[in-house]
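What follows is chain A paired twice: with chain B in the first complex and chain C in the second.
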Partner chain A sequence: MNRDQQGAKASYVLLTLVFLLWCFGPSVVRRFTREAFTEFQAPALELAGKGRDLVRYWELRSRSSEELAEAGRDLGRINAGLELKLLEMKNLAEENARLRTLLSYGPDPEYRTVVARVVSRDSAGWWQRITIRKGRTDGVRPFSPVVFGTRVVGRVAQVHLTTSEVDLITSPGFRCTAHLEGDEQRRVVLLSGTATGSRGTALVTNVPTDYSPPAGPVGDEAKVLTTGIGGVFPAGLLLGYISGHPRTTPKGDFKEADIAPARDLHSLQEVAVLVPVYPTPGEQLTESRVDDFR
Partner chain B sequence: MREADERDIRPSTPVSRPRVLVTFWVIVAALAYVLAGLAYRQLVQSGELKVQSDSQSRRVVLIPPARGLIHDRNGEVLAENRVRWSVKADLPELQKEIRAAYLRELRAARAAKSAVNADDLMEKARVEILQGWLDKVWSVIDTPVRKPGSPSLRRKEGPLSLHKERKVNVEELRKHLRERRALPFTLIADLTFPDPTGKDAAPSPEDGNRSIARFIEQFPSDGPIRLESDIVRSYPNGATASHVLGYVKDTDSLPEPTVLDQEVLALQKLRHAGKTGAAGVELAFDDSLRGSSGWELWSKTSAGYNQSLIKRVDPLQGGHVSLSIDLGIQKTAEASLAKVRAPDGSPLPGAAIMIEIRTGEILAIASQPGFDPNLLAGRVTSAYYDEIDSRGGWLNRATQGLYPPGSTFKVINAVAALRKGTVRWDEVLDCGPSFRVGNRDFPEHDPQGYGPVDLEVMLAVSCNVWNYQVGLRTGVDAIAAEARRFGLDSQLLVNSAGTELPYPAGRGLVVPDGAYKSRIGAGPWSPGDTANLSIGQGYLLTTPLHMACVAASVARGETRTVPTIIHDPRRDGKHAGAEPIGLRPDQLAALRTGMERCVEEGTARSVQIPGIPYAAKTGTSEYFKDGNKAHLGWFIGYAPSTNPVVAFCVLIEGEDDGTWGGKTAGPVARDMLLKWAKRPTGLEAPVQALPGEAAR
Partner chain C sequence: MNWSWFLILLATYPWLLASDLISDAMADTGLVCFLSGAAIVAPARRFGRGQAALFALCVGFMFEARRPLADGWIAFPLAFAALAICGPQGLLRRPAAVWFAAIGLNVAATAVWLIIGGAGVLSLGTPVDYPSAIWRGAVQTLVAAGAAAIFAPFMLRAQESLMDRLGVPEAREA
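Then we have the complex of A and B:
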């Protein structure tokens, strides 16, 4: 056996050993390996994200002065509008603070906001998962809701050192409870992601048979809002809109309806993670037995 | 070199040619046998073997259908299907954990040098693992999110801490592994209402929703623990109309699917527990309410667990049933009955019925005490079952209770006498404090007597002596015949399709006469028996529903009312077996006027309703309860006096002399009439002017 053959044999043996270790080794080894790979990959992802930002910057810099002047004017208008809104918010916050003082009412805030850039989408499921550029070091924790404004984007599925993976609401792994606009009894329905390789939709099930979306102008679909009673999502966030008319299930006991997400998940560039100030019981459970669920 | 090679391939010993041939043919024969066997199995036995293979590797799971709904006449839901959220454990997914726990237990047992029983250790391991997961479930759904160390929000968030099912039920687990190994094991049967006994403070729907929401949002969805929803029977009005609605119970005998492929007919069928009617309309209309099952075709593992779904056919929901009951009047009747109390404050048993006169549709049929069918729809505790039994709550007093009708029977006694001509409607009889029949004095209920009494006054004050005299003149045969004309010997709620309730109303009815008394060996009929019969006492036994029908028949001027609990807007108002009452208009008018005077100035004057003139007859009869003499309070009638629309009957089982028809039962009828008068939508058009109206 020459040296090449010996080398090939050794690499096969090594590969087999690694494979056996992966299959039969303790779960902590698998977890460590997975984490190590993710952390190894993270700087590259971050660099790629920053590179994209840089490309965008130079793209903008390369535009003509007329275009820049036009964009500047647009931004100025938007900025003025936002300044006004900011002032309005400030006044509301002051009024809120005054009333709280008056009533001696000062509950702790329930969530802390962490704003994060989207660095990649999971190629295994384009619509299902994104990676954001904030992780454990930024205080992100699993199960935290991820929003864009008041619209729900998804929830944090896994947290690494500097990055986190977010299950979008179209992911089959995503589920939460919801209220439907027009249901005066505010009955709880179940929302779960459905799309695997298809255009992003979710599905609400357990819709009472007597529910009908409120009649409105065409294109003004009924909203689907978070309930706020599950301990993860704050109440009243927009999950999406009922797409089409709810259909009765074959059993005839419920209706179900497709949901169009409230935010175009194609163009997500930045999201906000609402990190609960106090850990939820489910979060603690997941952290303690993460391998039970894999 | 070449020579050496040739030497190598040469056999070391010579081979005999015949031996080679024999070996060759043996091998050929063996191969031919194998091939023939293969061909036989592939070509001849293939169908049979495929069935055998399918039966070993596939199974059909029957899925119970949702039951049809039960509505009242206005479309209000009386029985519906509620979502039951159950937490279930997928045992195949837990096998690895259970195996590890089993090995731990085994090592511990061997280390302790104790006797090892593999089955016991395996069960212990299963329970340990399942309990671990159950604890996790509760930790998620029962722990509010709060700052560590801050005061508990438990009180604010509802009595979740009172939930049962915190321990794995070992008996249930054994039964599950024995009978339903392929299905997920139920850890928490009903997350919304986890305490089926209702003994603990029942959690509100908000508590249930919160538990479900916490589980959905916080518990990992890809683990071995799942939240499954199914449909259970729910009675949104609790115990209202419980005797009519009945309840459902679990059954393994599901309705057969309407569509079942031929290929799966022969396969082993696994059935989820379904529901079947156990009493009331749920039982009587079970065939139409239950629908037809769906099915799933699964491949299964060698251990008997389901592996993958091959095909599914959804179940079909059962048909709906629309009852004639008006929920508002029914609730009022039950609430008013519940207010009738004994001197010691305990509720008195009783029944209340209201009937639409034209159609016979029953608007309210209440029986007290009752039961909450919601608590019987799931797993029923023997304690609750026994509690209902001890209160006498199973008996539907309105249709199954047999009682002497007392003075309400005087209406029939009067009709019999008027038809036979033994008394004129305006004939005045002298009615003292008692009337002697043979050697016995039959008393008047007023010790002073009433003096001169005619038909109208008799009905107003419920004079006994008038009835003794007239009854003796008329004779038992004519009175009994009249009672039979009014249907007091006929079972009710029976139609061509069967019974509307599991048991027809009036099993054991008695309309006595000489033949009856001889038959029961009580000797010959005596005039005293006739006197007793004429005031609704003695051997006579009837039900409150029958007496409500008597009131409706008198209001309509006929002899029969066929009651029904099924609503049909197209009902024509014809009653099978009914014939004109057979009185002249002046006689019928006097009969009705007497019943009106009963309310205006007679025994029912305490329950007048301003603005709603109505006609009634009170009754107070004697009966024996637990060996002691007690009184029944009766109240029958119809309203309004002119163009009547509804008839009613109320019965109260009293305990002592304080029970009277007008005073005790009358208020229940008054409450029902007030509710009927306030109903938002009218009933069908009132009956036309009654025969005899013109003469009044």
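Then we have the complex of A and C:
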């Protein structure tokens, strides 16, 4: 065996040892490496996102003043309608607070909205993710809900310094409880992303066998709404629509149905992260576990 | 150890970023434009073993960093592949051989991340539609081969010319 072959053998052995150390060594090393390589790439991704925004800006600049005036007029009308709704909402909130006090109910979870631009979308068979241009410095926390209007987009999976990764509702790691439109008893079902189809789909399981979607015109499918249980997602947000008729599971004890997301998740330009003002039950549990270890 | 591997990494990053931006444009199709496998071939045939392994590890970590894949399970296979390329350099002296190696390695690395990603999904207990997953895996592998076939010649040329400027010695005869 010549020196070159010996050197090759030694490098394979060394790399194998490093790999074993990597696998069984402290997880903080793996976390640090992941974080370091994400931060290394963050400025370039941010630059690419800002470049895209600039293109959009110049595209909007090229619009005629008539078009802009028309858009302004439409916005004015919408604003007038929304002002009335706001007043209505304020009255309802006050009434809700009074009733909660009377019934000794705890306060509703409060959220702070962080609006974020989408930097990139990454979709493979095994994951559907977007990267947003807001991170730890903007107060984004892991597992915060991500919405577009009243429609759920996903949940923050990882938070970095200036960027965050969001698992879309069709991503296999996504799970949340839901109510189905037309179910008078408001029974809780489970929504989870599935690893199937090129764009990813979500599946709603634990649907009671006596449930059938409300009859309506074609294209007006039953809505799937968040329950608010668990304190992660606020109640009443739209997760998607039941696609097709619910089918009975092989065991026959429940039904399941495919879900069409409420929004084309791969064409989003901007989303809002709902950051809980107070620690969520999950965060409180993690904190108490950390305290136990201390 | 000199820092030429790091300079080549910085020069290779725009290609990896471009592949990420193409993946972004292709998000509707559920496919990823993967180039990390092809990116390690040219440096691995000219660098020493240590630098080649470090370069491949960094390229792998960059792909893993923003994706839900187990830490190190792309980076280390790429590093082993880089060590393997360091050996039979004579085979990789012809441009056509380098091009074929880039395609082959890109396809192999794609198969690795598809398997690792699948294992991660199965560990979550998520329902998997196997026929669809196999079909998509096959299409993704073809896309990776196509991406390497199209982009590798330009990327390899850029890497080679920078290595020439940095004075990295040409691949030795086997």
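By our rule, the second predicted complex is superposed on the first by the 196 of 294 C-alpha atoms of A that agree within 3 Å, B and C clash if a C-alpha of one lies under 4 Å from a C-alpha of the other, contacts with A are read in each partner's own complex, and residues count from 1 in each chain.
To be clear about the criterion, a residue touches a chain if its C-beta (ideal position, glycine included) is under 8 Å from a C-beta of that chain, and two chains touch if they have at least 3 such contacts.
The structure displayed is predicted, hence computed values, not measured ones.
In the superposed model, C is the one of chain B and chain C that contacts more residues of chain A. In the superposition on chain A, A:131 makes contact with chain C only, not with chain B.
Of the two partner chains, neither chain B nor chain C is touched by A:255.
Residue contacts after overlaying the shared chain place A:173 against chain B and chain C alike.
Once chain A of one complex is fitted onto chain A of the other, the partner contacts of A:223 are absent, as it touches neither chain B nor chain C. In the superposition on chain A, contact is made by A:48 with chain C only, not with chain B. In the superposition on chain A, A:143 makes contact with chain B only, while chain C stays out of contact range.
In the superposition on chain A, A:19 makes contact with chain C only, not with chain B. Common to the chain B and chain C interfaces on chain A are residues 173. By the touch rule above, chain A contacts chain C in their complex via residues 7-8, 11-12, 15, 19, 22-23, 30, 33-34, 37-38, 40-41, 44-45, 48, 120-129, 131, 157, 165, 167, 172-173, 192-200, 203, 266. Listed in rising order, the residues of chain C touching chain A in the complex are 13, 17, 20-21, 23-24, 26-32, 49-50, 53, 58, 61-62, 64-68, 71-72, 76, 79-80, 83, 86-87, 114, 117-118, 120-121, 124, 126-129, 132-133, 136-137, 140. Interface residues of chain A facing chain B in the complex, by the touch rule stated above, are 108, 110, 143, 173, 175-177, 188, 190, 206, 227, 229-233, 249-254, 276-283, 285-286, 289, 292-294. Across the interface of their complex, chain A is touched by residues 65-66, 81, 83, 136, 139-140, 143-148, 206, 209-210, 212-214, 216-223, 229, 231, 294, 314-317 of chain B.
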